[in-house]
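These notes open a run of structures that come right after.
The two complexes that follow have chain A in common; it is paired with chain B in the first and with chain C in the second.
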Partner chain A sequence: MKRKPALAYAAMAVMALISIAPLAWVFISSLKSYSEINSSAFSLPARPRFDNYVSAFRHAPILRYFANSVVIVGAGIALTVTLVAMSAYAAARFRFRAKPVIIALFAVSLLLPAQSITQPLFALYTALNLFDTKAGLVLVYAAMGIPIAFFVMYGYYATLPLALEESAYIDGAGFFKTFTRIILPMAKPGLATVVILQFTDTWNEFYYALMLTSGNRARTVPIALNYYMSAFANNYSALFAAVVVTVAPTIVFFVVMQRQVIDGLTSGAVKG
Partner chain B sequence: MTGKRKLWIALFITPCMLLFGLIYAAPIVTVTATAFTRYTAAARPVFAGGENFAALFRDKDFQIAVKNTLVWVLLQTTVHVSIGLGMALILHKKPKGWKVARTVYLIPNIVPTAATGIMFMLLLNPQFGVVKGLYKLLSISGPVPNLFGNSRYAFVTVTCTWLFYSAFNTVIFLAQLGSVDKAIYEAAAIDGASPWQTDRHINLPALRGTIGTCVLLASVAMVSQFDIIYMTTRGGPGTATLNLPVYLYKTMNLENNYGKANAVGVVQIILGLGLAGLIRLLFGEKKSNRETEAQL
Partner chain C sequence: MTRHKKAATAMAAVTLAAAMLLSLCSCASVSPSKQPATASGTKDTDGKVTLNVINYHVGVDYAADYYKYLFESFLETEAGKNVRFNFEEIPTTDAFNQKIKLLISGGTLPDIVLNGGNNITELAARAGKVRDLTPYFDADPAWRALFDDRSIEFNTVDGKIYGVPVSKEISYIYYNKELFARAGIEPPETAFESWDEFFKACETFKAAGITPVGMDTADSGWLSNLWLCGLIATQSKAGETWMNTEFPTNFNIPQVQSAVAQLQRMLSQYTTADAVGGRYDPMATHFFNGEVAMFPNGPWMIPDFRNTEKAPEGFYNKVGVMLLPGGGMSLVPTPGDMVGATDPKKIEAAVAFLKYSTTVENQLLALEMTGLQPVSPHITIPARLKNSDPLMAKVLDTAARAKVTYGQNQAYWHQNVIDAFSTFLPELAYFNITPEQFCARLTEAALKN
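Take a look at the complex of A and B:
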């Protein structure tokens, strides 16, 4: 079943090129001196130099932004996973009056443009002293992840056999014990999907980080990039290095965890 | 059901709904209510009827923002999704190196959008970017065009930073194609079906619902497209790349006009839901998104 392979390879080559060339160019440029960058866009550095990296790290607390991101994204994931593991279980296994409303609410909120509720959220955060705090971003990220995570887990619980639970109840185990001892261990693959999905969504989140933070205290990696644009306005050779340092861990993470990331992205898109 | 179990169900549902209510549901109510008020950073909301909406629809910039948003939705739901579909049909035949191609193609979708913005700003910078390099290489005289800074090119340039990067759709299509029964392909091969016929009569029909899902996701993404525009042009030059989210951002942060900003938010929600409804109608099946389709 081979189509004209030449055409397929041409398409693959073009896509690979437009995907990787901008990154490669930024990386090569980051190893050039300021004057080399200015003299020619396509030349290679006479010798690779790391001065740009040194000055990037000296002028911006890059590691601190990473630490912020790790804390905020990590806590957000933990919160989403905990809340959704519980609520989706109750919804998947039991019938109660509010269930159709909850499901409809989550389904509609998946279509909600993120920016539309900016001002009320900003007002709420100012009132609750959550503006420019890590906890504030954790809450937004956890809440934003709930609808998607809920549907992934709702679907996953539905695939688990009822028999084990039934026998646990017959043996006299309570609701909570059945959930923690029987259900959660079986639900691990579903929960792992939620973790990956939530990670890729929030690690790169830009808008709320921009609107709900103002200083270094809770500045995450994507917002740091915005800050570099002005911080390195007159030193753009260092900007190249700052971008590489910021982007590289994400790419490494993706290449290593590729299978899981792809599974997470497609979870639910295919029935079963 | 016993009372004890009812209590447990309530305990399992409530924390999730509380957080969701605080961050999502309550703000949606507030945004709708205050859209009908005179409300600024300096003054508390006072009811003003449809004043904000009237002001919006008179505003030339707002009309342009709506138009640009719709053009981007149109391009993304057609060109962008088609590119993703085409790549999936190619990669599904597992040509040599397809896995590497998939990985490389996915990288731009994994990189933070803010970084994508900066990278294209650097790449196309008229002082040291590749356009200048090309002008030099081909010894073209004349000034190097500023692709983000010139209103003649800005819209196309910004569009190019996302239009072709459709790997997210490609992996969704590939996953769906993976669930097609292999026996069908074998039967097609025995009948001597060409690759084109296989695509036309087996793969595309199998992907119909998934195409609807991807079109919907593309529409949702474009109605709230912000990051790259903010990083590169902030909606400019002039209004060349202004869309609804950037217009909302400016109304809120530069004008400090909260009532009007919330009216923009309401328009954005209605537009997003309206387009979603339209797409569902077009694709005929009840599919709200990639996660719910198994359930709803």
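Take a look at the complex of A and C:
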């Protein structure tokens, strides 16, 4: 068996360090006092202060907001992926009269800043009773993510060989069978990119989560983290503790499910 | 292939339509046909009036406990017994102001509009989203007498009173008695006589290996702006007048230019190495840790001196108070809370709450719990407060001896000028720009409004 060169191990160690260091820093900071955090960003706590976690729960409903985030972001991703997987395929593979206009419209919607459309969106949501609902945020997050996701998948489908679909049709597969059994499995890396982009964009989204909600039933983690910030009264210790509480479940989930996640990301890539 | 084409066409039509509808729905412009959740209604079925409030005094906000008490205790009063509150919480004033501005421009404001500053009073009044409270002040002379003319004037738009101020904002200098003793400097009873005397003390501190002053530049450069305001206001009558002018547009005047030159000197010679680019919190920690001799701020900082999470045990007793050189102190009225309700019953209930929030008892309680200075000029501070919080009592005593009072840039300057101030401070500190160029950039920003 060929031995891996030391350089490869060194590179992996650096990558691991880059990934782990911020998390370790946040965890260590969550055990420090206000004074320790502000005196030295990289020092260790004189004694670990686990009561920062008690303080984190006392100041904000973080678990409620975390649960909301999981539901809203998860549903937003599912909606985005479902629509984009199909619409980008249709646009990439078939010619129809309105195609250039439709693609141009998707491109134009990328240029709209969130602040410029808040007012009509607020009025629309109020009229449709979507204000302060999880469904409302799911829709707006999907709407925000679809244009970029569309172009990611549009480009990805264009790289898939047309011969595969033609072979499937010759073998008697129908359109939907070809799409679901042949195309979608091959598109997994592209879809994974969409999922990651959509997750990072919406998990940290603050503006719409604030403007389109008014209570605890639909508010998400970024708003909860604001509870620890205030002019002249920031509580960084509790803030870091809250970050740990909200990040830890996703890390644990990935560690437990990493084999399935990695298989899911790579299986489509080798089938072609 | 025809079958495939039909299927493909159907799929394309359905999914593209759905995707586009979603991605473009946010661009749709529609007239609001229903009111948002903050809308005023009428009396509830149980006869109680529900008042909607968006509250930013939540989480770790310095006044969170006080406002919790205020809302709860109001419900136990005669005026509040038939009232219930419906709260929306928005932590931090920045987020609160964003939401309020959205509601001003196209929604309905809550029945009680707490004021987070940022010129909201004028915006709301001109948009017709808040009620004129002048008749309520006229009908209750005893209530009107609680406020000085300046505070009322600050909350008046086009001759009508829209805001009920609950406090005043003052700032001065805290100093570390131990560091003064170590440097062999006798702290002045009220203030250094002049800035020359102040800078002489800074040199003495420096020679003793002690950092003289706390400063910052990030966010709004709060500490540096307090120094600058004092430098401008106390050097001449013209400077004092300029610092008491709201929304100035010309910074290219000798008083401001020379004050900026002194600020540049302080940033480059007399403060901590991390001040340039630094935020308020680490700078406050320098003061708590006894690393900085003088630190400008207001009374809301006093509870922190006793907070052992922030400051060492016993630090409270090491802190003294003085005014800025020449006896200067910033003193600004605060933007008052407003009434957004439209239903007469709700307006009555909201005004009753605002009256309750400004009773002498509650002003004193706010002082005790949060350091908020009473808005009423002639409130007698009870002896128990002097015993329980001697530093606060010293602040009140020292404040009364101010020779020069002036506005403060966060209250009086346009927001984009405050931003420009913070943006260009590092350039000034590193001598990449001159004081004159710094003032020119502030002027440029101000003229954009």
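Everything that follows uses one rule, which is that the second predicted complex is superposed on the first by the 179 of 272 C-alpha atoms of A that agree within 3 Å, B and C clash if a C-alpha of one lies under 4 Å from a C-alpha of the other, contacts with A are read in each partner's own complex, and residues count from 1 in each chain.
Heads up, the rule we're going with is that a residue touches a chain if its C-beta (ideal position, glycine included) is under 8 Å from a C-beta of that chain, and two chains touch if they have at least 3 such contacts.
Every value quoted in this text rests on a predicted model; they were computed, and no experiment measured them.
Judged by the touch definition given at the top, the superposed model places A:Y227 against chain C, while chain B stays out of reach.
Applying the stated contact rule after C-alpha superposition, one finds that A:Y154 touches chain B and leaves chain C untouched. When the two structures are aligned on the shared chain, A:L111 is found in touch with chain B, with no touch to chain C.
Contacts of A:T250 after superposition on the shared chain: chain B is touched, whereas chain C is not. Set against each other, chain B and chain C touch different numbers of residues in chain A, with B touching more. Within the superposed three-chain model, A:L210 lies in touch with chain B and with chain C [touch as defined at top]. Shared-chain residue A:N38: touches chain B and chain C both. Once the two complexes are overlaid on the shared chain, A:A16 sits against chain B while remaining clear of chain C. Once both structures are placed on chain A, chain A residues 38, 79, 83-84, 86-87, 89-91, 94, 96, 102, 105-106, 109, 112, 117-124, 139-140, 142-144, 146-147, 150, 174-176, 179, 206-207, 210, 223, 226, 228-229, 236 are touched by chain B and, in the other complex, by chain C.
Residues of chain C touching chain A in their complex: 1, 3-5, 7-9, 11-12, 14-16, 18-20, 22-38, 58-62, 88, 90-93, 95, 98-99, 102, 105-107, 280-282, 284-285, 288-289, 297, 300-301, 304, 309-311. By the touch criterion given at the top, residues 33-35, 38-39, 59-60, 79, 83-84, 86-87, 89-91, 93-94, 96, 102, 105-106, 109, 112, 117-124, 126-127, 131-132, 139-140, 142-144, 146-147, 150, 169, 174-176, 179, 206-207, 210-211, 214-215, 223, 226-238 of chain A touch chain C in their complex. Within the complex formed with chain B, the residues of chain A that make contact are 1-3, 5, 8-9, 11-12, 15-16, 18-20, 22-23, 25-26, 29, 37-38, 40-42, 79, 83-84, 86-87, 89-91, 94, 96, 98, 102-103, 105-124, 139-140, 142-144, 146-148, 150-152, 154-155, 158, 174-176, 179, 200, 203-204, 206-207, 210, 221-223, 225-226, 228-229, 236, 239-240, 243, 246-247, 250-251, 254-255, 258, 261-262, 265-272.
Residues of chain B that touch chain A in their complex: 1, 4-6, 8-9, 12-13, 15-17, 19-20, 22-28, 30-31, 34, 86-87, 90-91, 93, 95, 97-98, 100-101, 103-108, 110-115, 117-123, 125, 127-130, 132-133, 136-137, 164-165, 167-168, 171-172, 174-176, 178-179, 185, 189, 194-196, 198, 210, 213, 220, 223-224, 226-227, 230-231, 244-245, 248-249, 252, 258, 261-262, 264-266, 268-269, 272-273, 276, 288-296.
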